[in-house]
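What follows is a group of structures, each given as structure tokens.
First chain A sits with chain B, and in the next complex the same chain sits with chain C.
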Partner chain A sequence: MKVTVNHLARVEGDGGIVVEIEGDKVKNVEVTIFEGPRLIESLAVGKSPEENASFTPRICAICSVSHKNASIRASERALSYPEPEKTYLTRELMHTGEIIESNSLHVFALALPDFLGYPSVVAMVDKYEDVVLKALELKKFGNKIMKLLNGKFIHGENATAGGFGKYPEEQELLEIKEEAEGLLPFMLSAADIVGGLEIPDYLEEETVFVCCNPADNKFGFWGDELIFSDGSVIPSSDYKEYILEKTVPYSFAKRSLYKNKPFTVGALARLICIGDRLTGKASEYYKKYRNDRWTKNPFYNNLAQAIELIYALEKIPGLVEKTIELEDPLRQLPGRTEGRGVGTVEAPRGLLVHDYNYKDGLCTDANIITPTAMNLDDIERYIGLAARNLNKQGKDPDYMAFEFEKIARAYDPCISCATHLVKVIKK
Partner chain B sequence: MKDKPSLGVYSFTGCAGCQLAILDCEDQLVDIFSAANVRVFYEAMSNNDDDAKVDIALVEGSINTDEQQEELKAVREKAKILIAFGSCAHHGCVQAMANGDGKWEERFKKVYGDAEFTVAKPMETRPLHEFVKVDGWIPGCPPGASQMLKALTQLINGSPPTYTNSAVCLECKFKENECLLNKHIMCLGPLTMGGCGAPCPSQNMPCVGCWGIIDEANHASELKKLMEYGFSKEEILRRFRLFGGSDIVDKVSELLEAK
Partner chain C sequence: MKDVRGFLKEKSLRFKKSEITIIGLGNIYRSDDGFGIEAAQRLKKAGFAGSYSETDCIDEIILELCNKKIPGLIIFLDSSDFEGRPGELKIFSKEDIDDETGSHKIPVKLYMKLLGKSGKQSYLIAVKPETLENKFEPSMSVSVDKAITDLVSNLCNQFDD
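Right after this comes the complex of A and B.
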């Protein structure tokens, strides 16, 4: 028996799933990516930090600000740019905007229809109009932040190596603060809706999680260290020693292993590794819903994304207050013309690595690893586990195909990101 | 009342930002789905009908495998009107920046090593019009909301989509920005399709050329000006290519040969 999902729906990009089952054995599970390879890393060679900040985010629209921040961090570390506090805070606010936009799109528009039995978010309008409209408002708010700080919803150019072309006006920032405060009550009630969903139990197994380790023991979306759920903490620049990349013939997306095993990145990984650092309502909700199934069941990713939305809305007022106190800094210049820099950030769907070498101010070598590429092996593992259990329960192929698609979707896969990838593929 | 036109959104290689730009029209999203009979839109819904004939096909992304060529031809056969939706579909965008340099295989090896693939046969990025007839274009990386909603409204009501074919400079002047070129900053506004509202120069950032080249672009003149300002020819041509895709290949060769 072959269970096939030809084309994954409600995910970003083009991919499919094939599961082969013989009797009570699951013979093969393949998540196929059929987007063509764009060779972005090879195109980064010969470019300046500004050019890389401009074109590498085109890897992916929905993670474009994360790619922008990862690219900037890598270039600034390679060439020793100073980072004034206002620049840092403005970047953090911009990143928070992307988390809000992307998490709300995924939780409400892409994943929630699965749990409530609808083909799309638009089809949910009749019965859940209030939730749908408010969720779209939240998504729009994330976009508004990105447009204000980066110039466009998608692929703005205001943020670059050395800072910003223009910093926002105080009044514009105060509007953002007010809107964040206004949306928080909705998000608290919406998180309870997501927290109340029944989570399927046909795929439970422990895995390893990893995310950035933000400085000063805080929760956040970047850092120069990585933290694993097994307790290890490593400098980001050593990532190659811990995360091994490989290719598979049926997909243009590369895969990654940690200690020879698949691992998971994303909102769930962040809450598992550093969720105990949350404060305020986000912490309250984390404690209310955290249970021992979280480390075994990828469906909890949707709830983790909802709790991060609370964190993001609570974070904004403080960021705005600090930012408006500070003078706009001038564009910063590099302190040297050669060096290596690794920029690790948390894209909405997980750890993102940009690693550049520069000589005479131009890039000589680039390596980028995206979150979906890291998640693919675990997505296949959990689909395989689900296939064994659902097959035992005698479920038919159509039923299974729908469940497999739901599992893939729970990871919020971003296929544009996954397709491109790294080098050094020794077979 | 006339039947609602049917609409399909199809995606090939790119960042999926053009589809996302539709989802980013939060205030109009429900209206779009009510005004057209949306048959295929994988990023937004799961009840897609792949075999459906559609009145309007919006196709995002560029073509860079043999299978995609066949799929694109199949979309062409199903669609009355096929629109190149965004920069990748129209001229290949960033993944086509090195087209024509003869080094694609070398770059492929650099990224993937000797790995072999059964999924499809990869190739250098090409825009849609090299394989099928394209009936219209919605420019942008990604298309901006106002221009896209106008084009969708036109298409849904049976008119061809129209777009701005004047340089970014025009909109930049309307905003009364100080000209960045006059400050000797490498701005590609004079060469680049407007319609974006000049967000980048409005934030003191030079235009990178992401919406593609306007018909009357004068690359030779901009090259000369920038060289007078002290930029090297190599750097200028590199910037011309960054977002120029396959549209820029011949122009760059001409400029390279000119003294």
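Right after this comes the complex of A and C.
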């Protein structure tokens, strides 16, 4: 039997899923990505740190701040730029804005309808109008932070290597603080909605998780080390020794393996690896909802994103208070003209690596690994697992196809550009 | 165009120019997909102050409109691959359009539904594109460019304060 669903909705990208089932055996699972290679790494060669901070984020409109911060961190490490505290804090605030914008869109508009039994967020409006409006307000708030700090909410140019063109005014920052405090009660109640959802158990199997290891044993969205759920901690600059990139013949996107096995990055990885460092309400909610199934079931990524939204809203007031106490620093200059730097940050969808070499102040080679490329092998593995179990349960191909889409969506994949395909071939 | 003219004439009996919000959607680097953005920009120049493009952060505009519980007419402009000739304009209500959601955008249908709940009317005026070819510079086909000229002219003729 052959079943085809011609549109993998509520994900971003030009790709698809093909599952072939023969009798009680799953013969093949392929997550195919047709997104045209954009050769960003090659185009980064010959460019200065400022140019790369402006150019490489063009990889993605939704994670442009993550790419900018990863690019800046890589260049500044390569060429030894000083990083004044105010610059660090302003970058952190900007990054938090992107997490808020992206997580809120995914949790409320993309994932929640799956679990509440609605075909889309549009259909949710009749019963959950207040939640939808507040979620949009949250998304708008994330955009506002990015716009304030980076000049525009997508592809802003205020942040660059060496600092910011302009730092925000105190009053603007205080407004952000007030708004974050005002949105927190909604997010707490919304996290309870997400935490109360029934999570399917047809795909449970352990995997390895990895994320940045922020300094000083804190929770956060960047660091110069990587931490794995098996306990390993490595310097980010050694990532190539542990994360093996590979290609597959049916997809343009590269894949990544850790110790020859698939692994997972993203909000769930962050909470599994460093969730015990959360404080305040975020910690309370983490402890309230954390259970043994988290390490086996990618659907918990949605709840992890909701808890991160609590973290982000709680983090902002402190960041603002610290920032406004500090003088605006001058743009910093590089301390040398050649070297290698690796910038690892947590994009909303997971670990993002920018790795540059510079000579005479210009980039000589670049390597960028995006979170979705790291997740693809695990997405395939969990879809395969779901296919085996759902097939055993006698589920029909339409049902299975929807569940496979749901699994892919749980990872919040960002493949960029449209047209999708989920195909179940049952012989 | 007759349908669009008739539609605008009907709406002009109820709404003033200042009660209209125009939201242009699309991508100017994909040829005729730039219809909504270009039309919104021309309408702004033609005196429609409430005329915005996708790059103006639609979430903010929609939420602001939703918070004002007063009547208004919101017109989304975009290109759409419906049955018709290139450059043809067609009007769609929220019932006519799908609710595709991606990680980069909220579906227009959701905005329309929320706007409806706050007492506003919203429609999509779409153009049938001739080409969606990627371009390094914004450029549109003659048929779609003419559609924009006609649409701007109609809106200017039908609505005033």
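Just so we're on the same page, the second predicted complex is superposed on the first by the 409 of 427 C-alpha atoms of A that agree within 3 Å, B and C clash if a C-alpha of one lies under 4 Å from a C-alpha of the other, contacts with A are read in each partner's own complex, and residues count from 1 in each chain.
Criterion: contacts are C-beta pairs under 8 Å (C-beta built on N, C-alpha and C of every residue); 3 or more make two chains touch, one makes a residue touch a chain.
None of the values given here were measured: they were computed from a predicted structure.
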item: A:Asp412 touches, of chain B and chain C: first, second, both or neither?; value: second
item: Touching partner for A:Val265 - first (chain B), second (chain C), both, neither; value: neither
item: Greater residue coverage of chain A in the superposed arrangement, chain B or chain C; value: B
item: Touched partner set for A:Ala109, first chain B, second chain C, both or neither; value: both
item: Touching partner for A:Thr247 - first (chain B), second (chain C), both, neither; value: first
item: Partner chain in contact with A:Gly151 - chain B first, chain C second, else both or neither; value: first
item: Partner chain in contact with A:Lys140 - chain B first, chain C second, else both or neither; value: both
item: Partner chain(s) touched by A:Phe55 [first = chain B, second = chain C, both, neither]; value: first
item: Common ground on chain A, meaning residues reached by chain C in one complex and by chain B in the other; value: 7, 9-12, 61-62, 105, 109, 119-123, 125, 136-137, 139-140, 143, 153-154
item: Chain A residues within the chain C interface of the complex; value: 7, 9-12, 61-62, 102, 105-106, 109-110, 119-123, 125, 129, 132-133, 136-137, 139-140, 143-144, 147, 153-154, 412-414, 418
item: Touch list for chain B against partner chain A, complex; value: 11-18, 20-21, 23-24, 26-27, 29-30, 33, 42-48, 50, 61-65, 67-68, 93-95, 97-98, 104, 107-108, 110-120, 122-123, 125, 141-142, 144-145, 196, 199-200, 202-205, 208, 210, 238-239, 242-243
item: List of chain C residues in touch with chain A within their complex; value: 55, 57, 59-60, 62-63, 66, 99-104, 106-107, 109-110, 113-114, 117
item: Chain B-touching residues of chain A, taken from the complex the two chains share; value: 6-14, 32-43, 46-47, 51, 54-55, 58-62, 64, 105, 109, 113, 119-123, 125, 136-137, 139-140, 143, 151-158, 160, 164-166, 247, 249-252, 405, 415-416, 419-427
